[in-house]
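Presented sequentially are two complexes of chain A, the first with chain B as partner and the second with chain C.
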Partner chain A sequence: MRKITFPHMGNLFIIGKALFEELGFEVVIPPYNNKSALEIGKRLSPEFICLPFKLNMGNFIQAIEMGANTIVIFGGCGPCRFGYYGALEKEILKDLGYDVEMIVIEPLFYGFRNFLERVSKIFARKNIASVLKRVYRLAKKVDGIEKKVHFLRPREMVKGSVDKIYEKFRNEAIKVFGIDQMERLVDTTNVLLDNLYIVNEKVRKIGIVGEIYTIIDSFSSLNIEKILGEMGCEVERNLYISQWIDTHLIYPIFKREDPIVKRYSKDVMPVLIGGHARETISYAKYYATQKYDGILHIFPLTCMPEIIAKSVLNGIRNQINIPVLHVVIDEVDSDVGIKTRLEAFLDLIEARSEKFERGVISWD
Partner chain B sequence: MREELFLGIDIGSVSTNVVLIDKKGEVIESIYLRTQGKPIEILQKALGTLYEKYGDRLKIKGVGTTGSGRHLASLVVGADIVKNEITAHAKSAIFFVPDVRTIIEIGGQDSKIILIKDRIVIDFAMNTICAAGTGSFLDRQAERLNIPIEKFGEIAIKSQNPVRIAGRCAVFAESDMIHKQQLGHPCEDILFGLCLALARNYLANLAKGKRLESPILFQGGVAANIAMKKAFEELLGIQIIVPKYYNVMGAIGIALLAKERTKGLITKFRGFENIHRCKFETKGFECRDCSNYCEVVSFYNNGNLVARWGDKCQKYSSNRNYHIENSKNL
Partner chain C sequence: MKVGVPNSFCYAGMENFFIRVIPEILEDSQIIFSGKTTKEMIEYGLKNGCDELCIPAKIFIGHVEYLIRKKNVDVLFLPRLVSLLPGTYSCPKIIGIPDIIKTNYCGVELIVPEINLRKKRKIMSEKSMKNEHLFDFPMSKIAKTKNILVLAHSYVIFDEFLNKGILETIKSAGYNPIYPAYYRFNSFYISSDLPKEFFWSSARDIYNYFEWTVNNTQIDGIVYLMTFGCGIDSFLQELIMRKCNKVGLPYLCITVDEHCADVGIQTRIEAYLDMIEWRRKSDEKNNISTYG
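Presenting the complex of A and B:
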């Protein structure tokens, strides 16, 4: 009997769990990303690998201890280390003597056959098409909840009420079974969120861009979205799980591209350099045109694509004319440093926008 | 001297600074002490010194706290404003040099660059992971060479022929230094080489891609080191200004902000005697209720629980009495 597990990344577990359960597998969800997972990961990973790898390793070991025997992860291509995650993790687990099968699903760039071959190992069931469709719909809905949480956090009347509902939702999601139950849970959570009292305070809008794992997974970014919400900021980010499905699994079939990336990366980064550097730059430019107050650029230490994106953003800052704060994430336990930077960033935005009302301001 | 005064408190990793300013922003008194890992005690001591000196003549109209210990300090004194050190440093720099464009601030555990235009902050950066370019490192190296940190700059500035030291990482820099020392290079050349390395690291790390316009202010504890100033000047080719109160600029900034904030309001300051009399205590424990393993800190004033923080779920911080018995047992 296959007992499937996969790494955590924000709310990915909700979607993955529903999918594999619907396909008739048992699913093992390791504890949410946490300190002990990171400790395990640090011990087993190459020292200078990026943070997501270490968390992955922690998740795997904790899941194996809970009985998992099959690990499913996505591969990748392009000059970013994520492409080697699967291979390297497989070797490390083998050296440790764990008897697990690792299925690395490569994206469609490598041809449909390769994809089908690997996928067929886990999708051994009929009516796959309808299951996939329903999972996709679920993914959109789950991301919808996250977006709603981002909108409500700075506006809630009773501080902390949004997060209470959201945490409960995440904890319940581990307990329910299959797509239908999950959808029902999502719907009730939506009702709860819609019925919250909100106050129409003046909120600042911050766009979050950066490396996919660290912006989607709140543990690795030290809850930066929540901190911003508490400071009165509405956040929007350029990557959600359903969007990742769109750009990596659906668009390639139709030979399409994210329209915003296509439009805004033309002049500064016309080719893919790996990771999400193009997305970072394009969405930063896009947010600047959409009257956002500031941009937060988050990436793990030693992330090559995002380091390049950082330099590019620095180079075009007169063109986009919006404050950008770069936050580098590594194994830091305390959020004090992040809070200090965010606070100063919001002060900067406040002072700038006052100035804006009196006249235009440029950097140099 | 029963005029209206404002108190600024900056609790950093290495130093605790307290300043008193008057209505016009003149600095009446400034105290610079080492934090020594005991922020509350040192703060009480600093305030005690002020009180002994001036007694009841002090009439505090507003108090602000800043620095990494700002939240703790605000609980101790009852602050009117709690703000990050970047905003505070910019505030005081603009107050003393209104046309300032760049601030280089190097403290004990972090370094910052702040860019200013038309008296507002337009960009800033703080060191991210590595602390190689900060005061603690200089401190440690001085100690290793058995040189009092106050003499560091004086000795280093005599150097004619600075050695080249890799300043990218504190550990590598140290082994580089030891190699050079064993080769027989004179002490002043090594020290100034270190200053240059730190300045280079700062410029490569924080100032990359940013245009450093003059006037440039150099503040923070490390600005006391004249060799560091010289190193920056050599690398940038621009004159650098070290303001008179360089080591307490954060505290002055927050005092100025407190002055603005308390306009027409009554201060929340708890009074020197009160602060002196109270016994503040903190206790920490690791909550095991979920996989986050948060380290929760409880703050006690004379044995009464006043505040709690550190928990992600806000179970403790939102409800002070939650599991109060449990935490005592831990």
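Presenting the complex of A and C:
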């Protein structure tokens, strides 16, 4: 009997669990990303690898201890290091002596037969088309909840009530089975969130851009979204899981491109350099035109594409004329440093907007 | 028109290629190379590069700034090296480096042709684009015994600031350093024991050379020169280290960064070579293998 596991990334486990259970497998979800997962990952991984790799290793070891015997992960052929994750993780687990099967789903670049061979191991039995359609709808709904949480956090009347509901939703999601039950859970959570009392305070809007794992996964971004919400900021970010599905799996079929990326990266970064560097730059430019108060750029230490994005953003900082804070995530697990920096950043935004209101045009 | 070409990072070793290609594209142009890395360039680079960039890229920015400030070039020629072997990509930093220069040095005009051999699509003229003509590096000579394999990207091996004279140190200790040079190898050797072929051109080269030398020559040890913050090295180093453990070869990994003093690295290399020497002696003396 296959017991499938896969790495954590924010709310990915909700979607993955529903999908694999619907396909008839048993699913093992490792504990949420936590200190001990990071500790295991640090011990087993190369020193200069990016943070997601380390957390992946921690997730795998914890899941194997819980009884998982199959790991599913995506591969890649692009210049970003993510494409080689699966291969090296396989090697490390083999050297450690764990007896697990790793199914690395490579893109079609490595041959159609190769792709089918890997995919057929997990998609063998059911009516795939309808399952995938329903999973896609579920992914949209789960991301909808996250967006709602971002909207409500700075506006809630009783502080902490949004997070109470959200935490409960995530904890319940591990217990329920299949897509239907998951959808019902999402619906009830939506109702709970809709019935919260909100107050109309002055809310600042912050756009978050950066590397996909660190902005989606709240543990690795040190709960930045929550901290910002508590400080009275509404957060909007450029990547959600369903959006990843859109841009990487659905748009290529129709040979389309994200319109914002297409429009705003034309003169700055015309070709793909891997990862989400282009998305980072174009959404930063887009947010600057949309009356946002500031931009947070989050990426793990040594992330290759995002370092380029940071350099480019540095170069066009006078052009976009909006405060940008770059946050580099490494293995620190305390959020005090981040809080201090965010406070300073918000103070800057505050001071800047006062100047604007007094009619001073330049703030440098 | 003065065309500036920096000789650093991914463009190291491409001088002959540029001399051949630039007159084809631009008429009456005068090519100005930035030459060897100097202290001045390093200072420019460290001051103006973004903190997280790897050190070769920072030095590259120094080269560019030197060309703009001191040589008054009209235009910079920076081909975008998207892919240098079929089926591979370059490092994202190499692909994106023209964008950094474009946004950070607004006054300068850039010429950015695309070199992309990933799908055998060629943008620049066909004749000049053959792989073996892209890079010119002096090849290393393999001796019969006492070889030390030095692995790194070519722009580290041939930059004296980055490698801190490591080749000289090895030579003066009586060993023969051998090293890979880009794109001399792939036509006849493709590694087989990797879980998955690398999709970076340079990583594929370095790993191929490593595997070929381990299988076909007599080497006493391996030194990996890793640049701080290099994404490719973080994978490559780990896989090579694992292989060395299995084969039983002495392995040393040195991370080079902005530090200017080369004494620390020399000490480590000397200690490492001493260890290899002891090992050889004890091997000869008692005929018991120290390989375990």
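The definition used in the following text is that the second predicted complex is superposed on the first by the 349 of 364 C-alpha atoms of A that agree within 3 Å, B and C clash if a C-alpha of one lies under 4 Å from a C-alpha of the other, contacts with A are read in each partner's own complex, and residues count from 1 in each chain.
Keep this in mind: contacts are C-beta pairs under 8 Å (C-beta built on N, C-alpha and C of every residue); 3 or more make two chains touch, one makes a residue touch a chain.
Worth saying up front: this structure is predicted, and the values here are computed from it rather than measured.
Which partner does A:K355 reach: the first (chain B), the second (chain C), both, or neither?
In the superposed model, A:K355 contacts chain B only, not chain C.
Which of the two partners, first being chain B and second being chain C, lies in contact with A:L88: first, second, both, or neither?
A:L88 sits against chain C, while chain B stays out of touch.
Check whether A:L192 is in contact with chain B, with chain C, with both or with neither, and answer first, second, both or neither.
In the superposed model, A:L192 contacts neither chain B nor chain C.
So in the superposed three-chain picture, is A:G160 touching just chain B, just chain C, both, or none of them (first/second/both/neither)?
first
Between chain B and chain C, whom does A:V328 touch in the aligned arrangement: first, second, both, or neither?
both
Would you sort A:P46 into first (chain B), second (chain C), both or neither based on which partner it touches?
A:P46 sits against chain C, while chain B stays out of touch.
Thinking of the overlay built on chain A, is A:S311 touched by chain B (first), by chain C (second), by both, or by neither?
Once the two structures are laid over each other on A, A:S311 reaches both partners.
For A:L301, is the partner it touches chain B (first), chain C (second), both, or none of the two (neither)?
After superposition on chain A, A:L301 lies in contact with both partners, chain B and chain C.
What residues on chain A does chain C touch that chain B touches too?
The overlap between the chain B and chain C interfaces on chain A comprises residues 301, 311, 314-315, 328.
Which chain C residues qualify as touching chain A in the complex?
Residue positions touching the partner: 49-50, 52-53, 80, 82, 89-93, 95-97, 99-100, 102-104, 106, 114, 194-196, 198-200, 226, 228-231, 233-235, 237-239, 242.
Which chain B residues qualify as touching chain A in the complex?
On the chain B side, the touching residues are 68, 83-87, 110, 117-118, 120-126, 128-129, 208-211, 291-293, 312-314, 318.
Taking the touch rule as given, give the residues of chain A at its contact with chain B in the complex, in rising order.
Interface residues on chain A, with respect to chain B: 31-32, 34-37, 160, 163, 167, 223, 301, 311, 314-315, 323, 326, 328, 330, 332, 336-337, 339-341, 343-345, 347-348, 351-352, 354-355, 361, 363-364.
So in the complex, the part of chain A that touches chain C is made up of which residues?
Contacts found on chain A: 46-50, 75-81, 83-84, 86-88, 90-91, 95, 104, 268-269, 271, 273-275, 277, 301-305, 307-308, 310-312, 314-316, 328.
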